[in-house]
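First, the structure itself, so that you have it in front of you.
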Amino acid sequence: MMPIGYYLFLSMALFLIGAIGVITRRNVIVVLMSIELILNAVNINLVAFSRVFGDVAGQVFALFIIADAAAEAAVGLGIIIAFFRNRETVLEDEMDLLKW
Amino acid sequence: MQDDAAQNQTLLGADELVLNMGPQHPSTHGVLRVKLKLDGERVRGTECVIGYLHRGVEKIAENRTYQQFAPYVDRMDYVAAVSNGLGYCEAVEKLLNVEAPPRAKVIRTIMTELQRIASHLIWLGTHALDIGALTPLFYCLREREEILKIFEKYCGARLTTHAFRIGGLQYEAYDSFEKDVERFCKDFERRIQEYVDLLTGNSIWIGRTRNVGVLSAEDCIALGASGPVLRASGVKWDLRRAQPYAAYDQYKFEIPVGTKGDTYDRYMVRMEEMRQSRLICLQAIENIPAGPIIGKVGKVLKPPAGEIYHSIEAPKGILGYYIVSDGTTQPYRVRIRPPSFINLQALDKMARGHLVADVVAIIGTLDIVLGEVDR
Amino acid sequence: MLDKAIFFFFAGVAILSAGLMVTRRNAIHSAVFLITTLLATAGIFLQLRAEFIFIAQIILYVGGIMVLFIFVIMLVRLDVALHQIQFSRQKWVALFVTLALAAEVGVMLWSSRKVPGQGFLLPNAVPAAKLLPNTEELAGRLFDGYLLPFEIASVLLLVAMVGAVVMAKKRT
Amino acid sequence: MHPNLHALLVFLQTWWVELVSGVVIVAVVPLIAGYLVLMERKLMADMQARLGPMRVGPHGLLQPIADAVKLLIKEDIIPDNADKLVFWLAPVVSMTAALTAMGAIAFGPTFQVARDINVGLLFVIGVSSLGLFGIVLGGWASNSHYSIMGALRSTAQLVSYETAAGLALVSGLLLAGTLNIRAIVDAQQHLGVWFVFLAPVAFFIYVVASIAETNRAPFDLPEAESELVAGYMTEYSGFRWALYFLGEYANMIVVGAVAATLFLGGWLRPFPNVRWMNWLDALPALSTAAVGVYCVWRAGKQPARVQTWFMWGVALACFAGALILGVPLLMAPLKFLVPGLHGAFWFLLKISAYIYLFMWLRFTLPRYRFDQLMHLGWYILIPLAIVNVLAVGVAMILETEYGWNRWLAMIATTIITLAAALFLMRLNDKREAAASSAAPPPEEASTEDSYAG
């Protein structure tokens, strides 16, 4: 186990890269993937702290986050498929109608 | 491998995906090319592109004498060469107004029925292989080998036999001909049970063939389908019974028919046809009449001017020859009605709404030979 | 020493491929790099002696969620999207905002490096030898203290499943 | 000494066994996979009334090497519009996943690369499932319709059947109470019975699902040669193709190893705790010697002299193997070798039997259609697996809390599970019947008899 700071920096870096992806990319699929990356970065934090304190609760939360990521991916991709079927595009700035 | 129009299509898009099946594809039985219009894996339409094996057999006939053309017909349906030859010889005999002697007729019948079994064996093996059963193919080839050995002993050739001559036979049956045929037929009953064990009751096989490629009797008649495809739809039409040729009027045999007209029915019909062919052979070898093997035909054939149509029940369906003579030694025009070609028309009707895997099964169940489709 | 090497290897791979994931034009490439990142993160989990999270990451994240992503990417037309502009108009603003965020977090981490109990100076971890078998402990905690959240998570997954099916179903 | 160098030495000192075993696995598995292919071809030939490869070496024994050489020197074609990076990456992923998974498998009580991972079995399953990416990415990168359809099919198929396989494994894991591979085998030794007898339904489900997971017939739809030419491998050739192939066979070994570990008692011999069955310990040596004797017997009948020599060589190798297996039994100072050697023997035997079953099914059964495959997975296997997990759990509670006899509890719950299976199949039949009657109704069976009267 390295000092916790390393893990925090790694986590931060991944989080920020994910954030950049979410904000700048137009392709919704890549945006969703960036969100997955953010969730994953959070997991690193949780697991690292769980190791430091010797308390497994952090890992339990990491598990919940993975479950949440799965749910989010399923719904998000479902929306993308439905959207693509109607508009033939996956670019988010063309998702400018609240209905179709 | 894609057309330009197909380039921009997706599996999900509103437009259809075009999948080119063939001409180089393991299960199009040669060089058939089928353009499948797909929605996901569901077939929305098919288009057959044929002609990759076109050799102009009908045109060749116009520049050959009647005898010279006989070997060419063997190359059409090359897994049932004997049947092709029988049809052609009988057609020319009709044109010449001669008749083969009874002995020749009986031997022709035996050979043709053996050929029917061989053809159906190839069908069964490849059809099963298409559906994913690897093993029946080799059993089928094993039995077919026995038939081919008989052919080889009889006329020296195995595949493109050119077994018959116009007016009768060129070769007398060899000494143990009856014995060989009898041994094969005796053996074959047991062998056919092996295929039945492997396939008939197999739930995967049933699942893959039941309700797949259903063709109603009306559709069959409208499309001109013939042979087992027609009979599996419940139409009891067999030229061997309806317009007996060779020596078929002397023998008793059943004409198996199906009820639904699906792939399973066609399977069952062909299996039963093999059994019936076996019975015909057994009946025929019991009493092969003695006598000459070739009728009175000259060295140079000059049929009177006129036209003739003669059709036989080839393993794949009705094989017809339409020959126009202008009184010279060469036919003026030959037109062949190949069963595979016409049965293939049913593909679109049968495949619509099924999955890609079913298209393979349907191509298999139609039992096409591209040599015959393209001629 | 070995620990350090392992950490830096996985961290490097994770950050590098995360960067590539965000910048690649082709969504499949993005997915491949995300998979690499996730696997590298799994390696970090293993280095943290969190075996169960490690394997859950591989089975669920990589083997489940990413397969779903790739499946959808293959279904959706890509070749058109490939030739379009990949980044939205707000990209410079976005970059600025994220950099600001990065600076904030960085400053916070750095300034707390000397404060005991925070940042770099957290108490040292429990030695690995003293750790209980991770899987049993995790299961015990999950089904003991966190049973209700566990059930809620399962309901969430069910809802997501139904929602995804309804969304993606073809309307005929 | 430089501290880093020192650290490296320490590292090597601690881990050399693992490193060497890892290298052994990477080196030996391709060879084994090659001979698996030969075995498959020979078995297929035997069942199909033919001889199979006979040309290269006596009875084709060198065929795998010839194949490997051919594949290596073949032109390596990358299609024009293929995605080069992914095309290159995919087969490597496929192979790597299978080999990595093999690292955690215990081939006998002593030979295991990654020892004591406490999520051992999950590790094997999880990592081997990553091979899916090789298939999917390869299919996508080829830029061919056949490939992408194969890839889509395999994604759907693997995801569905992994669920069933996982649930089937859960039943076994409930009985073992641990994920650690060694502990699982130890649990079976303690109970004195293989889990296949306690949870037969789970084993059955796992067999079916693992066939589907390894893309073997009758579930070989992703590469169904008669439909999709070669599925995701259509555009691959040469060495990349060989990597896929090796990955596939390595995967078969992995699923066989998982089944052997969890259900068939791992490296334990049959009846591990029964004293009077101890003569079974001699079986490995004796059976190997028997193969050697057979080779000697056949050696005289070989048509060519080189073949006779080769047969003698094989015979000698068998005798050597028999000695290696047998001598430690008899000589006390070598006794410590017995568990490792015999464990490996029994384990490999069980894997072989499992793979033989795969091959046998492949030669016998036709292929499922895609929708049928999905129905089988989702409507029958997964519900059945869930019922089975419940049943095994109930049986364990009956045993531990209410003091039932273990066998009674297991048999009762198995019967309940089987009843559930029957019910599911009835339901499925009904659904299918409804579907087919909803489909275009078959025209009235009008048997036109042209010859009537």
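Which chain is which? They are A, B, C and D, in the order written, and residues in each are numbered from 1.
Basically, a contact is a pair of C-beta atoms (placed from the backbone, for glycine too) under 8 Å apart; a residue touches a chain by one contact, two chains touch by 3 or more.
Fair warning: this is a prediction, and the values are worked out from it, not measured in the lab.
Q: Closest chain to the protein CA centroid?
A: So the chain sitting closest to the middle is D.
Q: Top contact pair of chains, counted by C-beta pairs?
A: That would be the chain pair A-C.
Q: From the C-alpha centre of chain A to that of chain B, how far is it in Å?
A: Using C-alpha averages as centres, the distance is 62 Å.
Q: As a quick test, compute the distance in whole Å between the mean CA positions of chain A and chain C.
A: Taking the mean C-alpha position of each chain, the two centres sit 6 Å apart.
Q: Where the centres are mean C-alpha positions, what is the separation of chain B from chain D, in Å?
A: Computed value for the inter-centroid distance: 42 Å.
Q: Among the residues of chain A, which are close enough to touch at least two other chains?
A: If we look for residues of chain A contacting two or more partner chains, we find 81, 84-85, 88.
Q: I need the residues of chain B touching at least two other chains; which ones are they?
A: If we look for residues of chain B contacting two or more partner chains, we find 11-13.
Q: Where in chain C do residues touch at least two different other chains?
A: 52, 64, 74-77, 80, 134
Q: Spell out the part of chain C that touches chain A in their complex, as residue ranges.
A: Counting only chain C, the residues touching chain A are 3-4, 7, 11, 14-15, 18-19, 21-22, 27, 30-31, 34, 37-38, 41, 44-45, 47-50, 52-53, 56-57, 60-61, 64-65, 68-69, 72-73, 75-77, 80-81, 84-91, 94-95, 97-98, 101-102, 105-106, 109, 113, 119-120, 122-126, 128, 130-131, 134, 137-138, 141-142, 145-146, 149-150, 153, 156-157, 159-161, 163-168, 170.
Q: In the complex formed with chain D, which residues of chain C make contact?
A: So the residues of chain C in touch with chain D come to 1-2, 26, 28-29, 32, 35, 51-52, 54-55, 58-59, 62-64, 66-67, 70-71, 74-75, 133-135.
Q: Can you name the residues of chain A that touch chain C in the complex?
A: Counting only chain A, the residues touching chain C are 1-10, 12-14, 16-21, 23-27, 29-30, 32-34, 36-37, 40, 43-44, 47-48, 50-54, 56-57, 59-60, 62-64, 66-75, 77-82, 84-85, 88-93.
Q: So in the complex, the part of chain D that touches chain B is made up of which residues?
A: These residues of chain D touch chain B: 44, 47-50, 144-146, 148-149, 152, 217-218, 220-221, 224-229, 362-372, 436, 439-440, 442-443, 445-451.
Q: Can you list the residues on chain B that touch chain D in the complex?
A: 1-2, 11, 17, 19-20, 25-27, 41, 128-135, 137-139, 142, 198-199, 202, 204-205, 207-208, 210-211, 214, 216-218, 234-237, 241-242, 257, 259-262, 353, 355-358, 360
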